[in-house]
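Worksheet for the structure shown next.
Labels run A, B and C following the written order; every chain starts at residue 1.
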Amino acid sequence: MQKAAQYSLLLLFVFSSHFSSVFSQIEVCKTCPIKTIKEGIKQAKPHQKVTVKAGVYKEHMILIDKPITLFTNEKVTIDGEDKDDIIQVLADSVTIDGFKIINVGSSHVTDYSAIRVDRSKHFLIQNIELRNIFFGIMLAKAKHGTIRNVNVYGDAVHQHSSGNAIHLWHSNHILIEHNTLVKSRDGIYLEFSDDCIISNNLSKDNLRYGLHFMFSNRDEYRNNTFENNGAGVAVMFSKEIQMHDNHFQFNWGSASYGLLLKEINDADIVGNTFEQNTIGINVEGTNRINYKNNTFKRNGWAIKVNGACYENVFTQNNFLYNSFDVSYNSKMNNNSFNENFWSGYTGYDLDDNGFGDIPYRPVKLFSYVVNRTPNTIILMRSLFVDIIDFSESVSPAFTPDNLMDERPLMKQVK
Amino acid sequence: MLKILKYSFYDLIRSRWSYVYLLFYLILGFVLLFLNNDLSKAVITLMNVIIILVPLIGTIFGVMYYYNSKEFTELLLAQPIKRSSIFIGQYLGVALSLVMSLVIGLGLPFVLYGLFESSAIWDFSLLLITGAMLTMIFTALAFNIALYNENKIKGFSYAILLWLFLAVIYDGLFLLSLIIFETYPLDKFTLIATVFNPIDLSRILILLKLDISALLGYTGAIFNQFFGTSIGLFSALGMLLLWIILPVWNIKRKAQKKDF
Amino acid sequence: MIKIDNLHKKYGKNKILTGVDLEIPEKGIFAILGPNGSGKTTMIKSILGMVVPEKGDIFIDGQKTHSNGLYRKNIDYLPQIANFPGNLGVKELIKMIKDLRDTKADENALIQRFGLTPFLDKKLSNLSGGTKQKVNLVLTFMFDSQIIILDEPTTGLDPVALLNLKELIAEEKAKGKTILVTSHIMSFVEGIADEIVFLLEGKIYFKGSIQQLREKTNEVDLEHAIANILKENNA
């Protein structure tokens, strides 16, 4: 009992010694003694809170070099006047909360950003609105941070003169959630960034990708929606990426797809929905990937395989009314396609075990023809094409003859 | 002309064949829905029926009616009625009764299965419109063939050949030429070749609804202009209309010159 | 009055009419005779506008015939072969033709005359050839037009009907109509015709009364007179 009392006394002491600095906050406003954010930060002691009052603050290169909280719950706009970075975070444990940040400078040499986090840890960036940006939030060699509820509405027109909404470079253990990212080059870009979690974001109308991984491993993204981007998500040269329960939709265009996998090993793609994309998943050079419980609905190509893919397993997926379910450009196949539901399956299940009694061949001769001569797409669903598809399915000559679902499901996977 | 249309129409409505045709579509509609219980999938299957079977039935029915109603035609020719009215009236009688069978036969099952609450209603309406237009086109073509051929057997053979050509052979040749000349820019050729076959045209009209995502996968500028916008829909419909008007005009022209 | 002026018609290479000039007077019965393939029906169909001539004009009451065929309102035509849409009933057919021509018609007396009452509700496809021909006659005579054209009216008729037909024609003649007949039955023609035209190889070989024909060929009856002409020509 006495010991407990001692501890609580000690705690009280610790807290009160910090009280003066932590709970006495610094206020910045147009009529306050401290009129600029920069000045507020300068005056602040570590772990102190700088509260900014309503108004437009025309400042850029705001350096945060100590662990503080920069906060507002009013309408505060920081206008960088198209000069350079607006906020730079150079210390650990920094929180930035509640700002609208506009007019980031653009440059062909430097990646100017609204908020740059440089070699810092344990940061929290939340409730931020970004307008007229070049790059939005840029993390360079940052760790263990969170970006939450950031709303980026870009005005990107050309890929080469626009930046990414959230850009990670050599940054690990970052949590990116509940953000809305519209009309930038990439919604979220990760390069050499491992162990990040990206969830519940909406990324749409971006010029290039909704989400883009390069050389990043063990990352996980789930419950995101990628809509009407140049292409939905590109995962390139990365390992052990977890992709769960995302929606990839309306990514339309001649080189557009819901998901691009290039040189990817050991990933899981589970429970995602691909709807009305020109290509659902475009696959190139991937090994040991599990595709499970995904739904591919009304895509041009549900899965387009461009070679060098080994030991991938597709099972328990729904393929619904895609123009082409699976397209291959070679006769080789080393992947397994068993126990999926195919809306194009016309077989029967006499023994009533839930699996069709005759195998289904998801690769059609016509998809091979279209790969070769794209203009032939105009003949899709014509009687002649049905006839050649049928004869090919009887005796495969151009498509992989071992590529089939030997146990096609009779009912959709729920 | 309206009187002729009326009599031809009544004549057909009372004939066994109209019922067979109607019954066929009714059964087809119900079976499709019963097997799939899914409107969207049924619409896809129906597309195949519409672009293959409807032209076939239109052609055969058209030729058959023309030859079978020769007596009626001769009777009419002695009456103070314009020739064009006689033939166009008869043509419309056949075409409209076929269209009616199609719309009722397919529409009824789908309406009973809750079409009006379904999002497939637009796709379905487009399907029916296309089917109706194909019926009009192929009946008109059949009338042309029959007008040029007194010999029934010849007329029937040409009609079947026409169907076979437009439904299958044309696409085969089309596909071959696309593959053979794949190194050339073929956008224009592709569009033009499509326009010259009403079956292809209708198929594409329906594809614009069903497979738009795949169609947009192509780089050709003309392709995207055509498919990406409503211009595609309207120009395809316009071309189909032209496919009706031209043969009908020729029926009128030929009928004016023909001896009976 | 019907006037035919330099009428030419060929089917393919086969020349049927090669310059026919003919005037058919306002009143009376005018028979067109000739061997098979001599162009009788073609001529009649030209008058009716069912055949489009290569050359030549046809005037009816001084009016040139028009391709829209509306002048047929003043012509009653009995086609050679009684072909009707099979799935119509007799009554319906009559009603339809009346509806199509949209003129006054009196079919009941004719139906009585030819004893068609029991067949009124039957389908045309179920009728015998003779009965069909009777229906054909009803359809022709029920209108009251100035010109009547009969192509082989006797085909398939039984003697009673034939007599009826003759009476009917005589009655129409009495009304002052122009009646044009073709027939193979010479006795029939002989009995009724005021004037005959003989067509041979697409031309008018003879035109005049039966009496004149007899004199020309030195034969007593028409049948022999005709046979004579044909023999002479083949020789």
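As a convention for this text, contacts are C-beta pairs under 8 Å (C-beta built on N, C-alpha and C of every residue); 3 or more make two chains touch, one makes a residue touch a chain.
This one's a predicted model, so the numbers in the text were calculated from it and none came from an experiment.
Novice: In contact with chain B and with chain C at once: which chains are those? Just list them.
Specialist: Chains touching both chain B and chain C: none.
Novice: For which chain is the distance between its Cα centroid and the global protein Cα centroid smallest?
Specialist: If we average C-alpha coordinates per chain, B lands closest to the whole-structure average.
Novice: If you average the Cα atoms per chain, which one ends up farthest from chain C?
Specialist: So the farthest one, by centre of C-alpha atoms, is A.
Novice: What pair of chains is linked by the largest number of C-beta pairs in contact?
Specialist: The chain pair with the largest number of C-beta contacts is A-B.
Novice: Nearest whole angstrom, what separates the Cα centre of chain B from the Cα centre of chain C?
Specialist: 42
Novice: Using Cα averages as centroids, what's the distance between chain A and chain C in whole Å?
Specialist: So the centre of chain A lies 90 Å away from the centre of chain C.
Novice: So how far apart, in whole Å, are chain A and chain B when each is placed at the average of its C-alpha atoms?
Specialist: A distance of 47 Å separates the two centres.
Novice: Provide the residue numbers of chain B that touch chain A in the complex, in ascending order.
Specialist: Chain B residues touching chain A: 40-41, 44, 47-48, 51-52, 167-169, 171-172, 174-175, 178-179, 182, 186-187, 190, 194, 199-200, 203-204, 206-207, 210-211, 213-220, 223-224.
Novice: List the residues on chain B that touch chain C in their complex, please.
Specialist: 3-4, 7, 11, 14-15, 69-72, 74-83, 256-260
Novice: Over in the complex, which chain A residues touch chain B? Could you list them?
Specialist: 252-256, 276-279, 298-301, 321, 323-324, 343, 369, 372-387
Novice: Considering the complex alone, what residue numbers of chain C touch chain B?
Specialist: 9, 11, 45, 48, 50-52, 67-73, 75, 77, 79, 83-88, 96-97, 99-101
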